[in-house]
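As structure tokens, here come the structures.
You will see chain A twice below: alongside chain B first, and alongside chain C after that.
Moving on to the complex of A and B:
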């Protein structure tokens, strides 16, 4: 990485050379409606799980798009799949399918670290 | 005893299919759970077996359910099944009568006219021969209809039909050929030996005058034997496996065996009992959204062929319309859920954050009210329920007003049974800790799971439509019939799912005018919003909803009433018709009455004052 003389905190760096987009690509292929998410946060606002514990559907999106598979797995376990998010989504995204697809494919990708 | 080589293909075929069926059904029954085996042992010598025999006769032979669907289709099935059955039975009686022995081999009865060349002399022989002839004509009429059905299935009330596999084609061709070949062979023999009866003898004489019957006789009997063999050999790989397996299914079902949450011998029997008639294709609303490959018949076929994908398995609303239409009476929803459980076994979920804090409920609490996640998205229902509780002076505990977990049913519908159990356990403890004796639920999805999967001893679970009806019957709610014409939409989980059709209608009848519609109760339409389908896209849901609305709008109602927050939300989005939950309508009527009373009171007071 080129040194521009700024302080770089290692934990907060996103290195796109190490980006693992396999899970993201698989989810987007099987649930294309997820491509139109505008991160409005309506899903998080209505979430039943979020009422009980810190759980953020919009953050799932971020973790997935950054390829942070390990953290995604521990977060996604909390979802109760009640479907409220899907009903409030202004883009009509099939959020429950996104969650199920992540749950299905995550064991395939989490063990391999690039 | 005389014989002929053409009996060998038939005998070998019959032996093969008999052995195959004994082995495969033996494997399935041994694959049942221990309790189910005990159930069979305890029921086999009881009335249940008689009921099963009766059902086999009514459904497997007479095809009563198909008759209800369409008369011509019913006749076709009955003539083939019941006719063939009688032909075998009467054919055997004829052979026993002729040879004066009960140990006549099967081929002697099947190829009777070839072996017995002398015409019957006694009255019994003549009658039996005439019976066999008439039965053959009866079956042939069914075969003719089957040919015609391939050309024009709409006459039979079937709009769509399933595609055939190679095994199906072989078995179907064989089935189509068996009876015409038998008729021709018997007629030709009758033309030579004059041993025919009322139909085969005249036909035989005509054939004898036109064709060289002596050279045709043997090839025709050979062809008949080979057609039978072909059918027997193709049976295990064709849809016609349903013929023998359905009988086993009827017996096991009568013994009280049901589909479990895992794949076992019984679920395999169910899968093989599907006749792929395609009746479920016609009742499926997914076709309104141009989804035509995920219906029950295809899913069962894919399970049988071991090539079922998640895309097909999860693309179903689990509305249960196919199940109530299925002529075999298969548990299609349960079978699909079992497959979903199998497919999502490895998924992880953890609900450690659910903590059971102390439940503070006053001891006078009559009722626990559980609105459900979906109801929280339709606040008008919650508001109405709160007001109704106040009017009826009911002491209630609003269990999920704030920070409560989901009921678990949405997880179950997609096969996450183990995960749902954790939520159920959590909620169950809270309900029991409250010590109240009644649980009122506003959402049919929650209602079904509370009713079936929560063990709540001493607690009555009621959907709010049942509860409000009870309050009204006990005169705790005022009655006020509004001049409104209402169509009631049966929610799938409440109607077909839990069998509650009458209570919401009885309640609505007191507050508005309910218009009966074509598709209601068991055949009610789905709104398309079901949580059970995780693959369907929003625009496809809208297409299903609009088709359902089209039917309701044709009755020109003032509003659409429903008893499910999800149905309400789904229909309301279309903006074509006002949609209200049953609780809202009750509250509306009460409010109207109260306002009326208030104005009257004010008027009275005014007149009093001016006096």
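Moving on to the complex of A and C:
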């Protein structure tokens, strides 16, 4: 059985056993509207940053929930906080506040998640 | 003989009236329009098997003609009062009716797509709703767009006015996913050369033959499904439409030029529902639809003894489910009158 292919390829796998949820929990506690994202991508479709550089605001949710803090920190810098995404969001998420909270809290946790 | 007043002469109202008449009761239907059938009158073909809506309409009409219940057309209920264990109902035509039981079968209203201004309904020429398209799908329906040509590329937008905080509707309207698939296939049959896309968030193919029709749409009719919600549409000088979404499965923003944009609009509770319900002491759900006594065993009971509920006044419902819900309402009314 050991040759059957259960090898975990570290670089490709999201290892939930090592997931540090503190940043996620802090953001969700301070901005509970973020819990209900359904990944429709409306935010990304209308994003004004996207007209200039490659930036996917919907993925911020996934990066946060998968503990991809390094990528999250560099990506989130691109947001111009225009708030257009909030006009579109069918779940009424305060996306701008989510971005601000991540920016503020990420230095506290990034050394741990690495 | 017990008298039952049914409010609404759509599918649910007529079906309930028919069963209760067969059971030997005296039934009066109050219908605000000149004809029965409700929203079914605006529909051409029904999912999932393209049954002509006329077929169901004519069965309802036959029941009205053949069975001994009366219909008060172009009449609305003004007030309902309970007196000595009976209901006194006053109508807009100043009739007074005394009833032993009431069945509310007031149905739903279509979401007004103008409220999603970013999609441009009634602003741009070639943005239409699923209800508009339904008329165009009749054999004599004209599908041409700018310059009298057939549309070369068509996009459907799912969940317009449903699952949307901005529209004030959190619920799923249940029927639009499969309506989109049905209409996409019908368009393909009429326009073999066109490209047809459906922009969805989730495809909810829960009903009998729904999933099969979705598969057929992909397999036989070459309908393309893209997972992403449209953020906006804008009209170009040639009257075609530029739409924006994220192709969420590839994780990249997408833009597309289309000749026709179809908004799959959802169901809402009727505008007067909340105040009408409050006036006779029955409640509404957060969705605005009428509250049933519970979700399992008493889905035809309101919170008021003697007032029963049938069909899509309780929640978005397919034609099939409406017929079944109406028949069960009739059964519950009958049992309740026998116990009384």
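Note that the second predicted complex is superposed on the first by the 104 of 114 C-alpha atoms of A that agree within 3 Å, B and C clash if a C-alpha of one lies under 4 Å from a C-alpha of the other, contacts with A are read in each partner's own complex, and residues count from 1 in each chain.
Simple rule for what comes next: contacts are C-beta pairs under 8 Å (C-beta built on N, C-alpha and C of every residue); 3 or more make two chains touch, one makes a residue touch a chain.
Quantities reported herein were computed from a predicted structural model and do not represent experimental measurements.
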Following the overlay on chain A, give me a clash-or-fit verdict for chain B and chain C. fit
Of the partners chain B and chain C, which touch A:92 in the superposed model: first, second, both, neither? both
Now for A:73: first (chain B), second (chain C), both, or neither, which partner does it touch? first
Tell me which of chain B and chain C touches more residues of chain A. B
So in the superposed three-chain picture, is A:14 touching just chain B, just chain C, both, or none of them (first/second/both/neither)? neither
Output check: A:103 vs chain B and chain C. Expected answer is one of first, second, both, neither. What do you get? first
Which partner does A:46 reach: the first (chain B), the second (chain C), both, or neither? both
With both complexes overlaid on chain A, what's the closest CA-to-CA approach of chain B to chain C, in Å? 7
Touching both chain B and chain C, residues of chain A: 46, 87-88, 92
Could you list, by residue number, the parts of chain A that touch chain C in their complex? 38-47, 50, 56, 58-59, 87-92
Over in the complex, which chain A residues touch chain B? Could you list them? 30, 33, 46, 48, 51-53, 73, 77-84, 87-88, 92, 94, 96-97, 100, 103-104, 106-107
Which of the residues in chain C end up touching chain A in this complex? 118, 159, 163-166, 201-202, 227-232, 244-248, 251-254
Chain B residues touching chain A in their complex are 310-311, 314, 344, 346-351, 353-354, 373-374, 376-377, 402-406, 410-411, 414, 416, 419, 423, 531, 534-539, 566, 569
